[in-house]
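In the two assemblies presented below, subunit A is common to both, partnered first by subunit B and then by subunit C.
Now for the complex of A and B:
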């Protein structure tokens, strides 16, 4: 049962990561590969505040998410003032650079990892409580992204993605909107990191490597870019399937490569057979339900 | 009649190409000014300079007496400067209605903080915006296609959507860049009527258009541009009749 709860927690965290990445890369159209490092900022920030400064875990988690928001603004503001392409370049540098710092300073635990992270709850608390909390956070994250992407803000994001020049000439601040969407997506990733830290109580820099970025991207693309439920389906599938293989009693020397092959195979299959993902996005932006019957009044 | 836009000594060069060579021009409230000139005369470039798409090398632009120098496009638009584009620049992933609803001068849904803490304010602004957008769509004959994707309309309808979208700003000054290119039939008349009504309500309108009949029928005054300079200003009929300008226009 404990194993099942752990899987549920991991799937929930990846749902948050995939949904928030969908906001950044899908709805806002911002190409960044630094999502894992914002996950790390939330995790390390929250863990250090709780462990070394005695902050209560819930407060440290919020602070971890806010740290991720602040870091994302620092990264996005200079890059997005110039052009979206610079965000991609800056995000590569930020991802690689910050992870190197984490690996090489003593107060993060260095390459050996950060240990003795305080648990979120007393040791007697049943494991399922945390699983429920993560599932609730995942559901709220999905709904928050949906509300943003399919409300007035989402309409503007869609217009911005179509034509930034025309968008600006309408009085819309394109830079502020891009930075805002990016910060929200990264903040959610940071909160997922904080949840991870206080559950597993050990952090290693390797968990946040750049390859994580392709894993999260695959979840979004396979599930369905710019859809509410696509990243959820993608995260569940790509987190649960590799776990399912472990029940096949294969030798460990085969298990690792098989999981990798499954992952790559899925991407290739979807690229050729269903590039729009399992849940295809609508061609035209759709908003709140009252938007649909306006023309018929 | 009061000056809405005042342009003084506007200069812009791209390498050896001069697109604005000391332009002085005033756009007046309630008047429609037509910009005439051959391709490459600097008409669209002048619109780009006024709206902030490109920065001038020298000179100034004022809107209602307020200098726009150094301001970004969105800041100028928020002061009441609106424009359309020669090459449409609609948002194809939005419906016609949403193309308009994203265009009010102040857009409540632009701030995540406002969405989170004052959702009621955003809802109210959205309802007002929808009402206004529907009125404009009715006025421009686009009500039937309100929920259609903007990219799926005929070229003439898309031109109309561009004009309709510009109206959402409640602008003090409207710059129309070739609104009639590819437009015929009912849409032609609709755009004329809309522009006339706007001018009558006190908006300063400036139109770049190669359709001389449209300019002659619509504009109170015309300006002839050539090589980034204003060569003449006066009644459109007089400009068209001037053999010197006709020669520059047609190169004969």
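Now for the complex of A and C:
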């Protein structure tokens, strides 16, 4: 069932993207919407290393993810030193600028996109193998984000998010922590991009535009910001629902608008009846209580 | 709180999966008594305006074939899916057509989508017929992607040659949209025009999201060309021309097939006079096309967006039907591999709205180019270039 594997792979990749974005925007409270550009860096980096320099795919994928980490640190360091809002502006600028470069240089395939990316495995490999790999990666990223966000580091992160001044007063390095969590989130996105590139073997810059940012943001917000399972549910729902609709045998004149309305409709519905998302985050008070309990033990 | 969240999560997941499972079951339940092919087009998003009209044309084509007895008595069935003109959504649609609907062939369009689907079609040995995408790279996407639509080099070459030789223009300015279609076509225009003895005095790109072109236009004005070739989209070209005339550039304008559209005249009015565009399909001079446009006016109340593209889409099911018929006559199993072989063996198709089509082994097609010009508020045929 090639179709099912494709859906599983795409859902898995979006689980990685949504969870890692949740780490950045939810837990760390860093307002950036440029997540897709790190997805793009991972994808293009890995694809070009494998295609033009003959690197084996697994190595190229790791390098792609590392490139995304490096790019995120380069972006975060100057913008985080100033203040939070600058990251948003810098990140949008970075996203638009980099995509513009990708569109205008020839070695990335330009606006027409990058073709002939080598596949990760020989064609004889059964197709479910890749699906399993993606599911494992998705599970590991969810667990990694959970581990980071719920341990001592996570408590420090929420302290930083809620009151940066107090956090610094306690002698913690705010910038290091911000850059660290930003880099981890973006690195995961880069790895997802690398996984995408070697499976689908075609990349176009348009895939990583602001529209993609809003899709990932919708997944996180609809699923539940600052929760472990919220982004997972959001990613599964927003990827599977449009597919489910196509099986209802609707006439094309209805199918199109329905698909288009889905995202908008979901966001509106959730804004009004469930602003906390499908899975609500534990409130600050519970978190404080937990921390208190831990301290007593 | 935690308990509640967990149950909601489970319920949501359950609902999602059961919906999906239900759909899969419904798809599998349909029996194989028809000849099935797929159509993956943008039904939503920015390109839906064209996608929807093209789907309607294809639906009319299928209905006409079935009304005339179908394929050897069996009905032709078309499965329509949305691509949003987005590569990733296109891949999903293609996979769904291949592994759920089990179609041996399907139709797609929009260059980025066709390119993204090509590896999927090759891996699964299912034929992708690109109907409308015109990127020259489409001929090089592997054994299972063919086009029924002439690729960019054909009409751009025709219009550049015509300007340089028949119209005798010496200095051309090229203004192009900075996306794939624009970049490649602009290069072709520059090369052909230069080779024909002309000189390209300005070569300016503009951003696909631009709404102001003053900067590029002023550079073009400074270069003082005899003719200006605009390689844009049907959505921005009228605005470019309007702004150009406002800035006092009175030179003749040429463009390509996307601009051959009633919208241009509607939006520009008098400023549209003299604009040259190309069409890759016969125009209203042909009786079947005139009847077809009349049908649009009657049933939909307007002319189709991108008329020539819809003509190609109307005709595409006829290619499918011809190949299916031949396979059925020879009692060959309906697979993508056989479909490809049979299509290349038939090679030449006589189609109702676009005339004769020859599909070449090298993934290209031969078609005459119709040069159209706006005269007295109407598109009229200027010349036919073979």
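In the analysis below, the second predicted complex is superposed on the first by the 277 of 297 C-alpha atoms of A that agree within 3 Å, B and C clash if a C-alpha of one lies under 4 Å from a C-alpha of the other, contacts with A are read in each partner's own complex, and residues count from 1 in each chain.
Just so we're on the same page, a residue touches a chain if its C-beta (ideal position, glycine included) is under 8 Å from a C-beta of that chain, and two chains touch if they have at least 3 such contacts.
Computed from a prediction, not measured in an experiment: that's the story for all the values here.
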item: Subunit B versus subunit C as contact partner of A:278, first or second or both or neither; value: second
item: First (subunit B), second (subunit C), both or neither touched by A:70; value: neither
item: Which superposed partner A:229 touches (first subunit B, second subunit C, both, neither); value: second
item: Which of subunit B and subunit C A:62 touches, first, second, both or neither; value: neither
item: Partner chain in contact with A:161 - subunit B first, subunit C second, else both or neither; value: first
item: Contacts of A:139 with subunit B and subunit C, given as first, second, both or neither; value: neither
item: First, second, both or neither for A:7, with subunit B first and subunit C second; value: second
item: Dominant toucher of subunit A (residue count), subunit B or subunit C; value: C
item: Overlap of the subunit B and subunit C footprints on subunit A, listed as residue numbers; value: none
item: Residue ranges of subunit A in contact with subunit B within the complex; value: 147-148, 151-153, 155-156, 158-159, 161-163, 165-174, 176-177, 180, 184, 283-285, 287, 291-292, 294-297
item: Touching residues (chain side subunit B, partner subunit A) in the complex; value: 51, 53, 72-74, 77-78, 82-83, 85, 89-95, 97-99, 101-112, 115, 122, 125-126, 130, 134, 143-147, 149, 165, 168-169
item: Contacting residues of subunit A [partner subunit C, same complex]; value: 1-4, 6-7, 10, 103-104, 110-113, 115, 119, 123, 200-202, 204, 206-207, 224, 227, 229, 233, 236-237, 240-244, 246-249, 252-253, 255-260, 278-280, 282, 286
item: Touching residues (chain side subunit C, partner subunit A) in the complex; value: 1-2, 5, 8-9, 12-13, 16-17, 19-20, 22-24, 26-27, 41-45, 48, 51-52, 55-56, 59, 80-82, 84, 86-89, 91-93, 95-96, 98-100, 111-112, 115-116, 118-119, 123-124, 135, 137, 141, 178-180, 183-184
